[in-house]
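Take a look at the structure set out below.
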Amino acid sequence: MIRVAIIGASGYTGVDAIEIFLRHKKAKLTYLTALAEECGKADEVFSQLKGRCPLDIEPLDMDKLTSLADVVFCCLPHKVSMGFVPKLLDAGLKVIDFSADYRIKDLGVYEKFYQPHTDAENLAHAVYGLCELNRENIKDAKLIANPGCFPTSVLLGTAPLLKNGLIENSFIVNSVTGASGAGKNPSKNFHFPNMNENFFAYGIGSHRHMPEMEQIAGELADDNVEILFQPHVGAFDRGILSSIYCQGKTDISDKQLVELFNEFYKDEQFVQILETAPMLKDVAGSNYCHIFPAVAKGKIVVFSAIDNLVKGASGQAVQNMNIMFGIDETEGLL
Amino acid sequence: MIRVAIIGASGYTGVDAIEIFLRHKKAKLTYLTALAEECGKADEVFSQLKGRCPLDIEPLDMDKLTSLADVVFCCLPHKVSMGFVPKLLDAGLKVIDFSADYRIKDLGVYEKFYQPHTDAENLAHAVYGLCELNRENIKDAKLIANPGCFPTSVLLGTAPLLKNGLIENSFIVNSVTGASGAGKNPSKNFHFPNMNENFFAYGIGSHRHMPEMEQIAGELADDNVEILFQPHVGAFDRGILSSIYCQGKTDISDKQLVELFNEFYKDEQFVQILETAPMLKDVAGSNYCHIFPAVAKGKIVVFSAIDNLVKGASGQAVQNMNIMFGIDETEGLL
Amino acid sequence: MIRVAIIGASGYTGVDAIEIFLRHKKAKLTYLTALAEECGKADEVFSQLKGRCPLDIEPLDMDKLTSLADVVFCCLPHKVSMGFVPKLLDAGLKVIDFSADYRIKDLGVYEKFYQPHTDAENLAHAVYGLCELNRENIKDAKLIANPGCFPTSVLLGTAPLLKNGLIENSFIVNSVTGASGAGKNPSKNFHFPNMNENFFAYGIGSHRHMPEMEQIAGELADDNVEILFQPHVGAFDRGILSSIYCQGKTDISDKQLVELFNEFYKDEQFVQILETAPMLKDVAGSNYCHIFPAVAKGKIVVFSAIDNLVKGASGQAVQNMNIMFGIDETEGLL
Amino acid sequence: MIRVAIIGASGYTGVDAIEIFLRHKKAKLTYLTALAEECGKADEVFSQLKGRCPLDIEPLDMDKLTSLADVVFCCLPHKVSMGFVPKLLDAGLKVIDFSADYRIKDLGVYEKFYQPHTDAENLAHAVYGLCELNRENIKDAKLIANPGCFPTSVLLGTAPLLKNGLIENSFIVNSVTGASGAGKNPSKNFHFPNMNENFFAYGIGSHRHMPEMEQIAGELADDNVEILFQPHVGAFDRGILSSIYCQGKTDISDKQLVELFNEFYKDEQFVQILETAPMLKDVAGSNYCHIFPAVAKGKIVVFSAIDNLVKGASGQAVQNMNIMFGIDETEGLL
């Protein structure tokens, strides 16, 4: 049994991870931590867990953590995470980090969007955990930078095009996410009477997932890639649909596109190529990514749908863990 | 032109009143006030008013108020309102108060559910503004206690039965309200990812609208009335549906019930009797109350639907104002 | 491995059962059938199954069924089911029937609410599959009448009271169900622009789940029980919340109620007693029932929440199957 | 009083028009028609009109229509409309047509997306009723082609750029509409359990509003314009948000963009320029268009929000009527 701890277990990604581990046959939760004011019995912090999870969520105790866990899901926010990760690694734990702190290799870029980086050493060795595109490196990783939700949808949706040099290296991504993407803290925009029946754009021109996408897309294309990424939020709980507008370099038909994507992902359980536009609801609550590539007005348009909290966070983290520990990659995720 | 001021204009009932006055041909808004931290241009405080309302929302200045208004909509919370109303009345203004402070005549009951009452004098003269049931008194009122949203739905739904002595004086009310009933301040339960797709009961055994209902129902029945009132909240913006379970005193048929209700409300524009269960959505955004009385398993069940913010608050307040000023009762409300 | 067939697999209960079996370690789906016009690859009929279920949904072939399955989930509609069940039993298959056809023992009552019954013989031996209340009989059953969704919520919510003779044998149930309860066929009321932001009552005085509740409640109370059952539908996908209003026979406190319920269900994984009103969303997608009993205005009010398609249908069916085959009752359901 | 008839009054645009006329002080509804199977009392066909509209919806009788109306709102579907419009015009009635039949001047384009056109004569004289951009021509029009909902949002959002030659003549429009855009007939995708919590793209590469946009955008730019228009549908009732991605021809700042748009629309009541992303909910139920232009990654991105049924259909039709009859353009629409 793999012994799993979750640090920062009191948020939405935490509870999604907990629920996955309730069904995981090869791993078990041993330790849950959060800020003192968010601690308590797990099934009181999350009333949906009533009778299902006997653990407490406790303030972090490094000794306890070290003795109880083989791997740590670090669900801390950006900027906070890099204060903890070095200690976890020093203690010999494997770490899957949910924040952006270990995703962006270029310190200058990171620091422009976030803050000064205090752990360049581990950053250098962190492995970007987009399972389908980076599986070999994940196997031996000590520290996984679990990808952002938007980047997961966009990178899976464009990898076959970028790898094959089929599109210009500048494209537009119009994404919509469900409201769970905003996290669990109440705020004006996400107050139900404001958010319900609403839809709006945010992060115009500067969303922090943009450099993450550009970095990995650039690696896939082996060239600089520039992405105009525009997120929106819709009045639903879960899911991200990215509509990606690319300029093809050569003529390609709808049929060829679908074949290309099917071939590229032919061994992947969690990436499914459709021949029609994905229904976001079909991937809600699951670790699947549904992709439909099409030709429209001379451009290539790709629709890519995931659950932002599962394939976009906790599910992909478990998938990474499964790869790191050499067990069936789909365990707990079907 | 009736000159209208709104005190406490920065909440949901405030903006609903503002929107009604944008269409009112015999009254106009002259002054809007709120707590200092909620002031600003009306169309910035409420972005849906952009370009529609040139007023500012300002901190209250009594001199300005007195010189600008004939009638004040007092949209302050319970307990706060009675600190202001005496001054407004002393200044010669007519007042329509949205709080519970002037609804409950029995000080002991009020104080049990709220706090010590500091304005017993005006309380004694306040008129309960349930227009259809109390129109004559409203005409000459200086101070209207605008009814609560739940009581409006329940009292309109049972008045024909209570007035005609057709039901036992103890009944059960199962109500559901939309999330706007919780007001504009973000909170955990009303955070979109918690409230969306949710439904729950609250205020079990002790909701503060219970004594208000019992008082007026008792006046209608000319007897003590006891109501087990159980509110719930659903994942929609607007509306209240009350399902009211009564024990009839005599046999009555479905047809007779509908006839009784139709006769009782035959001159009322805003109360419509249906022959099928009301759709809550049909009254959303309107000042109408849709009622369907039926016989089920030997009991009388009444379904009564209103918009909690319109007929249950701002719409009824305007209707009261129209009555007080002798103009067409439906002005601004169709 | 238990081999499972689903007849009538093309509806909502069918796909929920399929999803459960994707995670079940001791049973596997071997055969799926539906009306010819609803057949096809399972992952095309249900696009959320894309890449997850390799089976076809085929027209029923009795020989194939008999050779492929040990147990049949019969997800056919009321009235249709009893045309198939006798053949299934004759072929030696165990049957878990989702319809009402084998739930109501009194033929006269069944025929009043449905139609002439054509299989009185098997009806006599059918076991009512409310797992927590009837486990011993389920173990040896050949034919399970899987309970209705509303009855499941109401019976679990009142069993401790009825069994202990604590309430009068006449009570009121006000329930709300999500829109999935209406099934998959488009209709006017459930057209999104009509249903969204809506809420309404239906089946006034005569819902078909009423006699089913009364029969089992009567067995629990060992007396006639009369239930005024009033369902409503809300604008959410999943879940039933029943608010049950009972007259207690003796004084009981909130604390005693909670203790009584906790004691009654102390060995039950899937029934959790709360000390606050259940959030419907907490049970959405799960096989759990959350119950909160309370005293209000001298009455006992019980709130009971389940997922209508899981504990109210497919989940409970799997729970029944697990009991029948002597495996861990929670397998596939955690 | 302007006397108004609505042909095809039984759909969503019909009832929205009816509700507007309930508040219109200078026009009144005199005649409502629909297909025979959709006729009945208006307040039974639309239960939200209960007690509010005394008219019947009747099968069309041309004599009656001619004697009762000055202007006809023709709410018939594409392809059907052009069978009626010539008769209406011949009878001397003014016509505001909601279909696409009179919007596209190029017969070849129309026929590619729809069918052979049977009324080229009137098409030649029809005036495109985008009020803010074509007011002078609307004043004297006999036949208005009321714009499509998507084109309204896109053309208002790009007109200041196109007219001033500030963007390349090829751009991308990513739009989302509420579910009311699909009309009132139940269908699989819009069945509540399918649509709720869902989001998806449709009409990929070929939506019929594309040529309409391109034609008018071309007139504004005085050049050919090519638009990749990609609509999506979200789980809400009302509203369209178009996110428009353009390549600027020259450098321009956020501030200059806002100034340009403010200047362009400075006399327009119903177009409001924001300095932040529009909230779709702010325009739901209103005739307003909220626009926010911004610079992002070297491109110009414009967000344009309207209510699809009001400014995108019935509200704009009333606005057109007000212009045609020389009355206050905002009457009934504030």
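All chains are identified by letter, namely A, B, C and D, in their written order; residue positions are counted from 1 within each chain.
Throughout what follows, a contact is a pair of C-beta atoms (placed from the backbone, for glycine too) under 8 Å apart; a residue touches a chain by one contact, two chains touch by 3 or more.
Keep in mind that this is a model prediction, so the values were computed, not measured.
Averaging Cα atoms per chain gives one point for each, and the point farthest from that of chain B is the centre of A. In terms of C-beta pairs in contact, the better-connected of the chain pairs B-D and A-D is A-D.
Computed centre separation for the pair chain A/chain D is 39 angstrom, with centres defined by C-alpha atoms. As a whole-number value, the distance joining the C-alpha centres of chain A and chain B reads 47 Å. Distance between chain B and chain D, defined via averaged C-alpha coordinates, is recorded as 36 Å.
In chain A, the residues that reach two or more other chains under the touch definition are 196-197, 235-237, 279, 281.
By the touch criterion given at the top, residues 22-23, 25, 47-48, 50-52, 197, 269, 272, 274, 279, 281-283, 285-286, 288, 290, 334 of chain A touch chain C in their complex. Every residue of chain B that touches chain A in the complex is listed here, in rising order: 12, 178-180, 182, 184-188, 190-193, 195-197, 235-237. Those residues of chain A lying in contact with chain D across their complex are 172, 174, 176, 194, 196-202, 204-206, 226-228, 230, 232, 234-239, 241, 243, 245, 277-281, 284, 294-297, 299, 301, 303.
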